[in-house]
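Next up: the structures, one after another.
Look for chain A in each of the two complexes below; its partner is chain B in the first and chain C in the second.
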Partner chain A sequence: MKILVCIKHVPDMESRFRVNEAGNWYDERDLAFRLNEYDEFAVEQAVRVKEQLGGAADITILSIGPDRVIEAVKKGLAMGGDRGVHIKDDLVYQKDPWQVASVIAAFARDKNFDLVFTGMQSQDRGSAQIGAAAAELLDYACITTLVSFEISGDVVTARRELEGGMRGAVRFKLPAVVTCQLGLNTPRYPTLPNIMKAKQKELLTFPIADFLNVESLAETEKMYPPERKGRGLVLEGDVNELADKLASILKEKAPALR
Partner chain B sequence: MDITREIYWNVGHGVVLPMYLFAALTLVILIYGFVRRIRVYRQGKRLQRLDRLPKRILRLVNRGIGQLRVMLVKAPGIAHALQFWGILLLFIGTVLVLIQVDFTEPLFDFQFLKGTFYQVFSLTLDLAGFVVFIMLVAFGVRRYFYKPKGLATTRDDYIIYGLLTLILLTGFLVEGARMAVTEVASRPDLTALSPVGLLVARPLAGLDESVVRQIHVLTWWTHFFLVMTIIALVPFTKFRHIFTTPVNYLFADLREKGAIDTLNLEAADADHFGAAAVADLTWKDIFDADACTSCKRCQDRCPAWNTDKPLSPMKVVQQIGEVAFGRPQANLIETVTTDVLWACTTCYACQEICPADIEHVNKILEMRRHLVLMQGEFPGGEVQTAVNNTEVNGNPFGLAYASRGDWAEGLDVQRMADGGKVDVLYFAGCYASFDKRNQSVAQNFIRICNAAGIKVGILGKEEKCCGEPVRKLGNEYLYQMVAAENIKQFKAYGVSRIVTTCPHCFNTLGRNYRDLGLEVEVEHYTVFLERLIREGALHLNPQEFDFTYHDSCYIGRYKGIIKEPRQIMHQAGGSITEMAKSKNESFCCGGGGGRVLAEEKLGRRINVERVKMAEATGAPMLVSNCPFCLTMFEDGIKTGGSEGKLKVRDLAEIIGERIAQK
Partner chain C sequence: MYLELNEEQKLIQETARQFALAELEPVAARLDQTGDQEIFWSNLKKLAELGFMGLNIREEYGGTQAGMVAFSVAITEIARACASTAVTVSVNNLVCDVIQAVGSEAQKKAYIPKICSGEYKAGSFALTEPGAGSDPAAMTTSAALDGDTWVLNGIKRFITSAPYAGVFVVWGVTDKSAPKGKGISCFLVEAGTKGLIVGREEEKMGQHASATTEVMFEDCRIPKEALLGKINDGLKTAVVELIGGRVGIGSLSLGVGLAAMDYATRYAQKRVQFDQEIVKFEAIQWMIADSYTELEAARLLLMQAAFRADQGRSFAKEAAMAKMYASEAANRACYTALQMMGGYGYSKEFPVERYTRDVRIASIYEGTNEIQRKIIAKEILKNLQQA
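This part shows the complex of A and B:
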């Protein structure tokens, strides 16, 4: 089985974000980067499929971006990927989701992947479009926001997380693109021998021009922090006093309680 | 008349041949027993433990012959020492007899057991026997009637007690029978040299001489065979510790306390890390199990054991022995269990007290290394998150690395990146950098330095976790990664002197980073401040306060810094009430060994236990010197219901409030 995992190297969400000089994205200085959380679920699930098949699977880990994304690819390889692909683009943040999905599709088109795993969304841009758009371009089935995944032959039984605490059960045939949601699995911590082995694994690098063949459909015009409205309130005192204070604030400020 | 006695009286020189034959047989059994055990020790990895031999021999003499370690616990320790010295004297006495009667006399016609020497010899051995006997009774009462909690009695204990008691009784009977015939009536001058033997001799003297002679021959042989039995049994019972424990003093780890092997992670053949089987440990780790006497002093002091967690350091050491001898292929981690391994706070109380120089902590660390590096396992998801955070942001909280220096906003400190000369680099560490409660420690420390005219530099966002918590959890890889980055910064700025407020950073930078190429003077602020005060650079404005002081493990036990903090607090106007467990015997806060990052899911909470000990002193304030302790105690005071009764402060906060302006 051939598996593709599409991952993104994103800033840690605790980082101190600043808008860049052009005002259209964040400034990368002072940011700590890590593997996008949802993509980590994707890598983990791919590796579990490979383990279930007794190793009869080949996992390609793909990431688009500047050189720093190799770090995320290496993490994917340390977790159990077989080869890394780095599509180099220092200006990836200026590409819209449609272009990114097109690049992935262009890379995957002639390679007959049976399964494409990716995160439900990236933690930084959060468009949640890549998986779905790539599936459309590849003419694969697409199942989003997976919280469970079971494969038997070429049939997958899975559960999706829906709005309002609902779950949806789906069954589909390969090939397919699936996007992974929190709760799907607990990603493993790479073992040291696997980290060391990952350093020796194949890592292919391509310029983005090799796969980019569409114009952007949307451009980021401006990036800005939202205006600060109101502030948190910290109550202090003993429990009874706190309860009274809280009750009066709720009475005053929450219309539903009136 | 000669002042001596006839050797081989009543049994005659005819016993010599059979006696030596049996002695030789005994020796063969003894050697066979140990050879078999040595084969088992050799399953472990190689380790050089005979360098600096004179130092090792001195240690053997002090701790073995001198019994200095055993006597650290007063009552049973002194009793053991008396018994040991008694048996040693009896053994030496017997060897002296043997040397004279079978060597110097037949070969050179030379006797030395006569005159004054015989007087001393006779009296010494008689009294030594008496002391050993009394100690046996005392130990018997302790072991079988008044039994201390946790003292396990095994088959070996019955065998050894039984044999030793019989050997002593038959010994006195042999002596008494001989004296009854040869001394009681005719040589009162000699009987005075054997007052205990005389007690046995008197009633025997009333019997018919031939009966006494028969009793003598019988007990002589019985005594002989009992002694041969106990010697032959040495390698096969707990009594082996009379060899293995002293030898363990010889094989001791002479490195600085807290030294940890720095793994070579890049070695070409490195595909296996940590210990999952006895073969992954060193021979010394297996030997330690044989040196253990089950005295359970480690267990008595273990903070995990004392709060109903499954970890007993003694049991871990013994399990390694059981696996090595019984099931060498078995998975050691499964035998010891992960709950046990994760419970350790690396507080070192076990190793500090161990009378056999056993090294508990690094064994646990080796098994943790296997869990983390080979299996990617942690004590819980929260720990894995903290480890990932350390990897990404250089701190376990996962807070933005770029905000690491924010605590110093508005203070007179030099960010190294801005250039300029500094007197010392303050390595703040993760807690003082990010944790709200601990930021006050860092800020106070800077104010104190300012007042003393010390120019302080910080790395700010270029500083990373020192790597101690993750290393103690077994993650050597991440430790070496962050360490290398910190060392790179120290070298880039030509740092020559570092001060920390965190004992964990202090130990790691000052000792463990040396393996990675950092040779810089590192001080903990307690020592640094004590000197500033002593040299007159820092003036205090003392205000009276009552407090009790918690010796953090990594400052007290690991580094022996016990006087300085007390001295500073005294100068600041403090009156101390010590806790029962203090100084070298301090009880861990529960935060060491990376446990500060883990939830405490088993047993009672260690921090609450320690807070209660502090509360019991009646002092309203608990002072510590460590960010982990401060965090654990703040939490322990809240969860243990001690709010309003006890406050916890860091030493830097106390001093910061008492700076006298010049």
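This part shows the complex of A and C:
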């Protein structure tokens, strides 16, 4: 079984974000980066499949971006990946999801992966397009927002998270791209010896030009913090007056009371 | 000059931070109040399985071989959540380091993997005695060779983890006629050996989950091969290995100090007095500025000592400076954090009260700060004489 896991290195979401000088992305300086949370579920599930198969699987961990993304790749390797692939691009944030998916597809096309795992979205851009677009380009089945995953032979049964608290049960054959949602699993902590051994695993680096062969379809023109919403309304006065004011506001603003 | 952790060190720090947040922080207050050993041991076991008990230990003995910088950042992250757990991890690492440094191949293979894997909950470092604290050479525990066994007699005091340690590194006098400090040797004693008696637990001010007891040796017989390192060379081993332990205690201090200031600063952002958040008062801002500056200085001193250790350079002076400064900065940070929170800081309902108790010992154990200053001055004067 050949497995590809596509991961992204994203800023810690508790960081204070500032718009960059060009005004089209956030400023990366002073940010701490980590493995995208949803991609952590993807790595974990891939490693569980390998364990289920008694080790008869080969896991490639792929990330696109500047040199710092190697840290995320190494975490994937420490969790159980077999080899890392770094597609180097210092300006990956300027690529649209279509281009990123195309690069993944171009890398994966002749390599006969049976399963491609990725997060259902990145915590920073959050387009949720990469998995689906890459699947289309590879002509693979695509199943998104998985919260359970069981494999037997080349058939997978899984559950998807739907809106409104509903679940969907799906069954599909390999090859497939699956995107992983919160609740699929609890990722393991990489052990310290495995962190140290990760640097001995194979790490291949390619320039993005080797795989980039499409123009962008959409461009981020501007990034900006949303306008601050107005502050809450503070009512003052004596109790009777307040009650009347409140009642009239509720009548006006809350449709259910009309 | 490159002041940045490498990828492995960052991942180790992240793993320690995530584990501490998820597993240690939620139970730290309970461990402090009840000393619940089952939870404490279970967390030690998980930390061992992740590789935190032998950061400097070679892979062949079950260690992580990640180095002193990784050890420092790991201890700091653990201590941000639970100082009792952090000190136990630090001492376990220290015991492994002693055995790796001077042990025979058979000793290394017999004991280090058991501490690293968590098969032993802990290892104990039994140097201090009722009459030999800052002056370990004044110890009176004796070790006499009788045929093919050593016979130990004496009392050790303030021994971390003794009730649940699997193995003890014990120092005793093997040559009473030698000049002071030149007749001391080091031994490995397994828990359960006849004549090794674990005494009552100290009722300490803080770090409650970590047990500290007296250990008595009454005609305790151990095999001849239990001698650790060279005969009569034991004090040197203790002195050299404690250098690394000081990086551990300094890192622990930093973690507790940061935890206290992080908590109090968030509190000050919400607490309103005189119609505004108290963080808007300059008095509070200066506390924040001073404390974080001192903690950052402590971090840099620790990183310098750890970096030198990883480079194979001498780091006795740097480790003493880092331990001394970090433990005092952290004590001041906890004092400040408690002050910022007023009455709530003094209440057991909030963690700053615990941090303040937990951090107090850091200027005392692993060599009092007075001894650290003596080491620092000695190193400086030594170099001046050479010039």
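To be clear about the criterion, the second predicted complex is superposed on the first by the 230 of 258 C-alpha atoms of A that agree within 3 Å, B and C clash if a C-alpha of one lies under 4 Å from a C-alpha of the other, contacts with A are read in each partner's own complex, and residues count from 1 in each chain.
Keep this in mind: a residue touches a chain if its C-beta (ideal position, glycine included) is under 8 Å from a C-beta of that chain, and two chains touch if they have at least 3 such contacts.
Because the structure is predicted, anything quoted here is derived from the model rather than measured.
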item: Simultaneous placement of chain C and chain B on chain A, clash or fit; value: clash
item: Partner chain in contact with A:S15 - chain B first, chain C second, else both or neither; value: first
item: First, second, both or neither for A:K245, with chain B first and chain C second; value: neither
item: Contacts of A:K74 with chain B and chain C, given as first, second, both or neither; value: second
item: Which superposed partner A:R83 touches (first chain B, second chain C, both, neither); value: neither
item: First, second, both or neither for A:R34, with chain B first and chain C second; value: both
item: Partner chain(s) touched by A:K2 [first = chain B, second = chain C, both, neither]; value: neither
item: Touching partner for A:L192 - first (chain B), second (chain C), both, neither; value: both
item: Region of chain B that runs into chain C when the structures are aligned on their shared chain, from 58-66, 76-84, 94-102 or 184-192; value: 58-66
item: Chain B/chain C common contact set on chain A; value: 34, 189-193, 195-196
item: In the complex with chain B, residue positions of chain A that touch it; value: 12, 14-16, 30-34, 186, 188-193, 195-196
item: Touching residues (chain side chain C, partner chain A) in the complex; value: 7-8, 10-12, 14-15, 18-19, 49-52, 55, 59, 63-66, 70, 74
item: Chain A-touching residues of chain B, taken from the complex the two chains share; value: 265, 270-273, 372-378, 381, 384, 387-388, 392-394, 398-403, 461, 476-477
item: Chain A residues within the chain C interface of the complex; value: 34, 70-71, 74-75, 78, 189-196, 198-199
